[in-house]
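The two complexes that follow have subunit A in common; it is paired with subunit B in the first and with subunit C in the second.
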Partner chain A sequence: MSIIVENLSKTFKIKEKQKGIGGALKSLVAPKTKLIKAVEDISFTIDDGQAVGFIGPNGAGKSTTVKMLSGILYPSAGRINVNGLVPYKNRIEHVKNIGVVFGQKSQLWWDLPITDTFDLLKKIYKIPSDVYSRNLELFNEILGLHEFETQQVRQLSLGQRMRADIAAAFLHEPSIVFLDEPTIGLDVVAKEKIRLFIKEINRVKKTTLLFTTHDMTDIEKTCQRIIVIDKGKILYDGTIDSFKTKLNKDDFNEAVYEMFTGGI
Partner chain B sequence: MRKLFEPFSFYFQHSKMLTKTRMQYKLDAFLCCIAVFVRESAGIVGVFLVLQTFNNIGGWNMQELFFLFSIIFLTYSFLVFLFSGIRDFSNIVNNGEFDKYLLRPRSVLLQIISANSDYFAAIGHGTLGLVLFIISANSIGTDWSFANILYLIITIIGGVLIQASIWLLFSCSSFFLIKTDSLKDFLYWNTRKFAGYPLSVFPGFIQKLLMFVIPFAFVNYFPAQYFLHKPDLAN
Partner chain C sequence: MVIKMNPYIEYGKKAFAKNLVYRSDYIIGVFNTVIMVFIQVAIWRAIYGSNTQINGVPFSYVATSFVLSICFAAALTANDFVLADKVLYGSITTELLKPISINLCIMADTIGNNLFKLIMQFAPAVIISGLFLGLLPPASVLMLLLCVFSLIFGFLIVYYISYIIQACSFWFTNVWSLSVIKNSVISILSGTLIPLWFLPDWLAAAIKWTPFDVIYFAPIQIYLGQMNTQEIIFTFAKQIVWVLLFAVLGMFIYKKGIKKLCIAGG
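Now for the complex of A and B:
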């Protein structure tokens, strides 16, 4: 079992902003705080090598969950165990074995070609030279990084940048990779390349994947199982087929729409 | 042994990348050096003009004041060369870049220090510091023996570490306050302005501030007293 989550919750305390200058002054003296339950009592387990789609509308708690699993956030309650480690307690040991792709953020050096970032990652993760060059070769083949590897990142298109960012997250052969909206804003061709890559790595390296996206085709093409979440709670956990059967739809997209618009 | 040197090789790998990055904007880099040099020199010109009318400030003549200033600029040069990541830490938290460091299996502090360096500001401050040091060093009556040179080196290392620690303290508050620029302006930069003048000219609470709260007096004033044999504050 590579990921075990039990009764996980995350509550954020946020300051409520009041309207106008008067309100701003008022909140300076007596700030009003509000508790927001981003994730509420969720439990699931993911086996080694499984590719799981993590679906939910904006603000459902997906990113918060991914952040807790990757060790960036402390949970408010509940337990997480990833590869036998507690992410927020054994940070360094834990992150050696995971990779994270945030579609909204890049870990590439903006002013340098991608190869410089890759070399740095080799150093950071202490990747042996043979593993490093073997992986680069494989990634090049599927993602076509050669076409733009000498250009600075700031000159790349979004699709090229994302392909490079995904390669960067897989370079150190992590056993688990969290993909948080890696296909956001990409064209069909770029999306297809990324799906192909994810599928291939999952097959060849048996990497466990948790894939967050709003594109249901991404999920259908790469994942065996889905976890559906809304308002911090799990609504469904199982295969895509039984999900469609449950909602009485032939089309996966329609089934998801049905679920979020209150079909159940 | 390898393990001991590993952080340094990690640091140098970053330095190589930072240099490559900065070298892409050569004009900006060049102007940054000049701008910093001119900006900081303006303050010194002010002191120079004041001393055309008055002979000294609190018993310190122009050469001695320049020596006091030179330690500020020399330490600051090393400070931004090595620790500008700590200075700019609140930005790193604010824009979410901190997550990236948390996701890598290395010490967060090492990563932040390695990934940032303000080379050109360091050159600007360093040049001014050297100029002031050269102007003043011969005329302040200090015998530059081996022991004194060693004392100067230790002074500079100590000064860099004191200021880096002050920054680190502010950086830690970024987690709660998110933006800490004004706090740093208020406590660090204002205190640094005081530190350009001998401590003895200030009222007691500012002296205490510079000795016990934001200990700038230990960066330049007390070491300068040693070199110049200044007895002020002895009582």
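Now for the complex of A and C:
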């Protein structure tokens, strides 16, 4: 079992800003806090090599869950075990075995050309030279990194940047990769390249994947199983086929729409 | 060991190389440093007037002290904003996702910068001001070596004071004012503005209880052969105690800061 999540919750505490000067003074003396339950008591397990689609509307708690799984956000309650480690307790050991892509935010160094970035990652993850060049070759083939490899990350188009980010997340052959909206804002061609890549790596390297996206085609083409989340709670966990059966729809997209508009 | 240090060496190289891009900055830096030295030496030359010694200190010592301490102060600095920028622009979460120590990255960044400054700023500034103002040679080769060692510890004191300020950036988005206060205190109390020989006795006695006199001033006194063995040992002991104290305090604040960040969610 590569991922075990038990009764996981995350509540954010935010300070509420009050209006006007009086309000500002009041917040200074007696700050008003508000609690946001981003994730509420969720449990699931993911087996080695499984590709799981993690879907839900905006604000459902997907990124919050991914951040807790990757160790950069501490849970409020519950347990997480990834590859036998507790993510936020064994940070360095844990992140050696995972890869993370946040579509909203690049994980690369803005001022480094792509080739230097990969070179630095090779050193950070201590990737053996033969593995490194083999992977780069394979990634180039599918993602076409050559065309922009000498450019700095900040000069790349969104599609190029995302392809570089994805290659970077898989370069050290992690056993688990979290993909949080890696296809956001991309054109069909770029999306297709990314789907192909993800599918291929999952097949060849048996990488465990948790894939968040709003494009159901992404999920249908890459994942065997889906976990549906809304308002911090898991609504469904199972195969795509039984999901469609459950909602009485032939089309996956329609089934998802039905679920989120209160079909059940 | 070398392989283990590899990513950090890369970070250091990156910081070093970044300086090369801003070439005009370092030319201005050298110029600035030399002017500071000249002004200080000119002021003290006027104060000395026709006296060869004041408080038993010959003028040549004052000149050497200024040349070295101002040039060292220019080269052995710590950028107070490395961590602050990571927190402000959110790259800290990116780095938390990599199997590297953020503290070693900051150290590597600082050392990369300082090596650049030692070569491109300290060396030319010392040569120029030494040629014009006169620079006494070290008392002996041994004293020169001891001076270098104690400068390393002096740098570590500066580094960990800066680290404490940097670690505060988890709470304050702007550590600029803290940085300004810290820099003024260091330049006044470390002897780069007034050689500590000439401070009023009560102030000189008080500074003995602070880390400031062992940053640049004590190493230069070692260089000039002004310290006996006992005083040298005491200097090193004092430096080590302050380095440890600041490092432990800094780490403590840093740990609390990371925890705060990871609870609030970057």
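Everything that follows uses one rule, which is that the second predicted complex is superposed on the first by the 264 of 264 C-alpha atoms of A that agree within 3 Å, B and C clash if a C-alpha of one lies under 4 Å from a C-alpha of the other, contacts with A are read in each partner's own complex, and residues count from 1 in each chain.
Note that a residue touches a chain if its C-beta (ideal position, glycine included) is under 8 Å from a C-beta of that chain, and two chains touch if they have at least 3 such contacts.
Only a predicted model underlies this, so the values are computations on that prediction, with no experimental measurement involved.
In the three-chain model built by superposing on subunit A, subunit B clashes with subunit C. When the two complexes are overlaid on their common chain A, residue A:I184 makes contact with neither subunit B nor subunit C. When both complexes are overlaid on chain A, the residue A:Y125 reaches subunit B and subunit C alike.
Judged by the touch definition given at the top, the superposed model places A:V100 against both subunit B and subunit C.
Contacts of A:R91 after superposition: both subunit B and subunit C are touched.
Residues 67, 70-72, 91-93, 95-96, 100, 105, 107, 112, 119-120, 123-125 of subunit A touch subunit B in one complex and subunit C in the other. Taken in their complex, subunit A has these residues touching subunit B: 67, 70-72, 91-93, 95-96, 98, 100, 102, 105, 107, 109, 111-112, 116, 119-120, 123-125, 152. Partner subunit C is touched in their complex by these residues of subunit A: 12-13, 64, 67, 70-74, 88, 91-93, 95-96, 100, 105-107, 112, 119-120, 123-126. Touching subunit A in their complex are the following residues of subunit B: 9-10, 13-14, 17, 20-21, 24, 96, 99-100, 102-106. By the touch criterion stated above, subunit C contacts subunit A in their complex at residues 3, 6-7, 10, 14, 90, 93-94, 96-101, 259, 262-266.
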